[in-house]
C-alpha cells in the first residue's frame, strides 16, 4: 500500500500519522513518486482502517500494490532506478553498460592485461572472481582477499569500477571497502541471511537470477535487499536450467521486457555463463541489446585456453573488440549508445 | 559417411560403385558439396570395408559425419539451404523474411483485412490456421478446408505465398494443392508417420520445435523429412517448456547460432506463441533479428480482442507496422534487410 | 454440466428436452451416476437458460463440472471405470494387473519365449512393439504387421490379451482386428487427429503421458477419446522430462493419488521407460504398487543384452519373477492382490 | 584414488609414505574398507607417479574413484554409513526412521502437543522450524532462538532427538549446543560457505536436495561436508522443480535406488514439501518405504488449518497415526520395520 501525501502539508501532521501506523507494527518506506512525497506501508494491514486513512488530512491518495514484491514494483516507484558508480550510470535508458573480465582472477599481470584490453575496447566496468562458487570442493576456490586486491589495482589503473562475487557475510567488510558492485551469485539468490546483510549496506548489488528461479522469486529476493534499506539493486539474468543439453543453460531474454514492465530496477544480461560457449556469446549479446537490456556482463580472457576456470566460455580480447563494434551498431539502431 | 567423388570420373565407374553399395542395403543420397559431386551413405556400415572404399578409383575423399543427423548436418552440406517460394527466398543470409497473420482463419473478410495490412507493412508471407491443434476437444477446431480456401484467396490477392498447419495425413492432398509452406506444429514434431509422409512430397515444410524437445531431437525430426527425399525444411523455434510461469513458454534464442553452426537449414523465430503476450513480441522480434534469424513468424489480427483464439498474443496491424520499422533498423545494423 | 434426471420420468419428456438442447448445438453424453440416469452437456452453454433447465420437469439436479475435462472427471462419473478384456479387469481396485514383454517384437521364437516366462511368473497381459517411434530415421522401425501377428500368436498360446503401440491411423484396422489394448505413445499424446480416430472405435486405449505434458493436458487428451464415444481409456505414466540426467526421465508417482482423486480412469505405471535402467525398475515398481497404481507395464527380455532396442532397461525373466514375488507382498500389505 | 594398505605393515612405513604425499600438496583421508586400513587421496594427482605408488612396500592395491565425489562414493566406502543419535540409528537397512513435526514452531504448547501425538504414533525424531527461509521478507520468519528452546524442551520430554534448519553460520553455536540433526534447506544446498562450516563440526547434517539440482550436484554438496571431516551426512529428497503445476514439486523417488547404489549415505524422503498437499502424503510415504528409503520426514500439526505456515501440507495427528499403521505393513512386506 502506497500513501501519496498532499503537497504543502505540514510535517507535524505527517509525523503524527506515521507514529500511529508504526505503533500498529507496520513498516514505512519514505519515497518520492512522480515528484510527490509518498510512504510505502508494509506488514499486517488487517490492523488498520483503510477508510479512515483515506480521509486523513495529509493523504491525497492510496495506491494498492498487487504484486508480492512492493519496493521492487513499478507501481511503487514508476521512474527507472539509476545506479551511479563514479561517472557511470546503469539503468538510465540511454547508454548500455558493458562489464567485462575473467571468470577467475589469477594474478596481477593477468587481470591488468585483460583490464587494459577491455577498457580500450569500451568496457566500463571490470569484473573478476576472487571467491569462486565451485560444485566440487577439490577444484580451485579462488584467490580470496588477494584476488580482490589485484582486481582493485587493475580497476584503479584504468579508472574502471569493479564487480566481484561475495560468497559469505565473513567477506562483507572487505567488499564494502574495495568493491564497487557486489555480486550475489545464482546459487545464493535465496540465501536470505546474506540478502538481509546486503540490505543493511549502501553499495550497489548485482543480483543474479537463480538458475531455476521464477522471475517473481527473483524480484522477491531483490525485495529482501530493498526492504533492508539498500535501494541499489541491479538484476542479472544468466540462463535457466531446462532439459536442453546443447547449451549450459537456456538464456531467457524475455525477462528484459517483463522486468522493464514490472519493476524499475536495471536489468543486465550475462550471455557467457548462460550459453557456456564463447561461440554463442556474440549472437546472444546483440540479441540482448536489441531487446532493451541495460547492460551486458561478458567473460573475457587474453588466453582463454589457459584460463583457470570456464575458459571455454571466454571471449579473446580481439573477439570482444569485434563484439563491441557490432554492439554499437545495434545499440544505435534502437536509439541507444554503447 | 560422405563420399566425395573425383572430378572428371566416368559415370560408369560411379554406377558400379553405387550398385555394390546398394546391394549391401545402404541408402545413397546424391548431392553437391563445394561444387563437387558427392554421395551420402546411410544405414548399417558394418558391412562395408572403408579401407577398400578409400582406395576406390572414383573416390577422392571420405568424410565421416559424427552427428546422429546426417543430411541435416553442415558437414554433409556446407552451403546454406535456400528455400525459394515464388519470388521469395528464405535462408539466403541477406533478407529477413516476415511471415504474419492470424492464429485462426475466421472468414474471408477477416483474412483479407489482415493480409492487406501486413502486406502493406512489408510482410512477405501470409499465415493462418485452418486446422487448430487445441488442448480441449470442446474448443474451436478451425474452419478446415474452407479456411484453406479463404487463406489462399487472400494470399493470391496480395501475391503472398501462404503458410498453414497440417494436422493429419488426410489433409495432405489439399495442402499440396493450395498451401505454399506446410507447417508441422510443436505437438506433432515427433509424429514420425506424418514426417515420413512429408518426406515424400516436394513442398517446403516449416517444422516447429516441440516445446520440450532438444535441438538434437528437432534435427532428427528434420532428418526424417530429408531422408524421405524432401530437402526443403525450415526450422521454427516457438519456445520451450520450463518452470517459469510469467511467459507461456521460454523463447530459446540461443538456437539461432547453434542451428547456424550445426546445420544448413534456415531458422525462423515465432515470438508470439513463445511469450503468449503481445507486449513481449516486439522486444523478442528485435532480439531474434540481432541474433541472426532468417525470419520471423508473427501473429497479427486487426481486432485482437475479438480473435477466435490466442488474441492476447496478437499484434494489431498498427503495432506490427511499428515493429517492422524498428526491425528494419536492427536488420541494417547487422548488414541485412527486412 | 451434468443433468441428473428424475427417477420414474417418462422417456418422452426426456427426449423433448434432449431435442431442444441438441438444436442449440450442444453435445449430450448419456451416463449413469450413482445408479441414476444422467446427461453430460458439453459445448457453448451461453445459449441455454440454466434457471429454466433447473425447473424442467424431468431434471432432478444440475451439477457443474469445473475441470476443463468433463467426461474424464470424477464429478461426472464418481465410480471407478473398470476396463474388462477377456477375463481380466483393470481398475477394479483389487487386483493389480501386470503387463510385460519386450520393447520390440523380433521374431516368433523371441516373443513366445518371453510370453511363456512372464505368464508363468504371473503377468496378465503381453506387450510388444511392432511399430517403433524412433528418434532417428536410420534405426530399426519395427516389424510392422508381421510383428502384430507374432505377438497375437504368442498371446493366444498363453491366453494373454496383447498390448501394442499404434503410430498412425493407417494401421488402425489391423489393430482393431488383432490387438486387445491399443497404446498411444508419449510422442503422440497430443496427436489430436489420432485421438479423434480412437474415439470412434470400441477398444481399450492405453494413453501414455507425454514426457512434458501436465496432468491436465493428459486428461484433456483422454477427453478427446471419451468425447468421441470410446469410454475405455487407461492412463499410463512413463516419466517426465526434467533437468536430471541420472535417469532417462523422472518417474512422477504423485500422479497416482492425483489421478485417483480427479478422474475415474485406471492408472498404470511404466517404470522401464521412465528410469531407462533395469536396476531401478524393481524399486520403482514396488513404490508404484504401494502408492495405489492399478497396474504396471514392465519391459522383459530373455536376453536383454541382445535386445534390438532398449535392452538396458529390460528385466531378465528371472529378475521379473523376483519382482513379482516382492510385488505380491507389497500388494498384500495394502490389501490388494497381484 | 584409494590406497588399500597391506595388513601387518609397520606404522613407520605408512607414515613415510603419507608424509611424501602430503608434501606434494595432496589431501589424505584415513578410513577402513572391508576391515582393511585405507587412505583416500584427493587433489592434483598429476604430481605423483602411480606406478611407483603401486610398487610401494606398504600398498596392497590402488582403486580409482571415477565419480567426481570421492568420500561420498560407494567405491570409497562400500559399507552403509549409519548415523547414531542417542538410541536411534539412521541408515542401518532395517528400521525405517520417521521424523515428524510442524513446519514452524509456534509456542511451547503447540510443539509439546504435536510431539506427544507423533511420539505416541511411533515417530522417532521431532522436527520443527525456528528459522524459516521465506520467499517474501514480509512473511513470518520464525521464532529464532526461542523456537529452538521450545523444540528442545518438547524433544527432551519425549526422549526424541530434534531436527531443525540452520540458515546462517551466525546460528551455528546455538545449533551445536541444542539441536541433534542440523538441516540444510534446499535453497542453501549450494551455499558453499555454510557447507564448509558444517564440515568442521561433528554433528549429523540432514542435507536437502536443491529443487533444481542434479543428484551429482547433491552428492558434491555432501562432499563439501565430508571433505571438511564431518562424515555424518543424511540426504533428503524433497521434490524437484518441473513444468507440472498440479503438485508443488515433483517428488523424485528414483533417487532412492540411485543413492543406494552410488553412495553409502542414508536417504530420507520428505513427501510433505514435495507434494505441498497433505492428501498426497500417505501415498507418497508408502511408495518411499516400498522403494527402500531409510526414513521419512513428515509435517504434522494438531490443527493444520491454524498452522502459521504450510498448513495445507500438514497431516493431522490422527492421519499421521493411520499413515504409521499402513507404513508398518508395507515395511514388513519388504522385510523391514517402522
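Each chain carries a letter (A, B, C and D) given by its place in the written order, and its residues are counted from 1.
Heads up, the rule we're going with is that contacts are C-beta pairs under 8 Å (C-beta built on N, C-alpha and C of every residue); 3 or more make two chains touch, one makes a residue touch a chain.
Here the structure is a predicted model, which means the values were calculated and not measured.
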Request  = Trace the shortest sequence of touching chains from chain A to chain C and report its length in steps.
outcome  = 1
Remark   = With centres defined as the mean of Cα atoms, the chain at greatest distance from chain C is chain A
Query = Between chain A and chain B, what is the separation of their C-alpha centroids in Å?
reply = 38
Ask   = In chain B, what residues contact two or more other chains?
value = 212, 241-243, 245
Query = Across the complex, what residues on chain B touch chain A?
reply = 212, 214-216, 240, 242-247, 250-254, 256-258, 261, 274-275, 279-280, 282-284, 286-292, 326, 329-330, 332-334
Partner chain D, residues of chain A touching it in the complex = 42-43, 68-70, 133-138, 167-170, 187-188, 190-193, 196, 211-212, 217, 220, 223-224, 227-228, 241
Request  = Would you mind writing out the residues of chain D in touch with chain B in their complex?
outcome  = 212, 241-243, 245
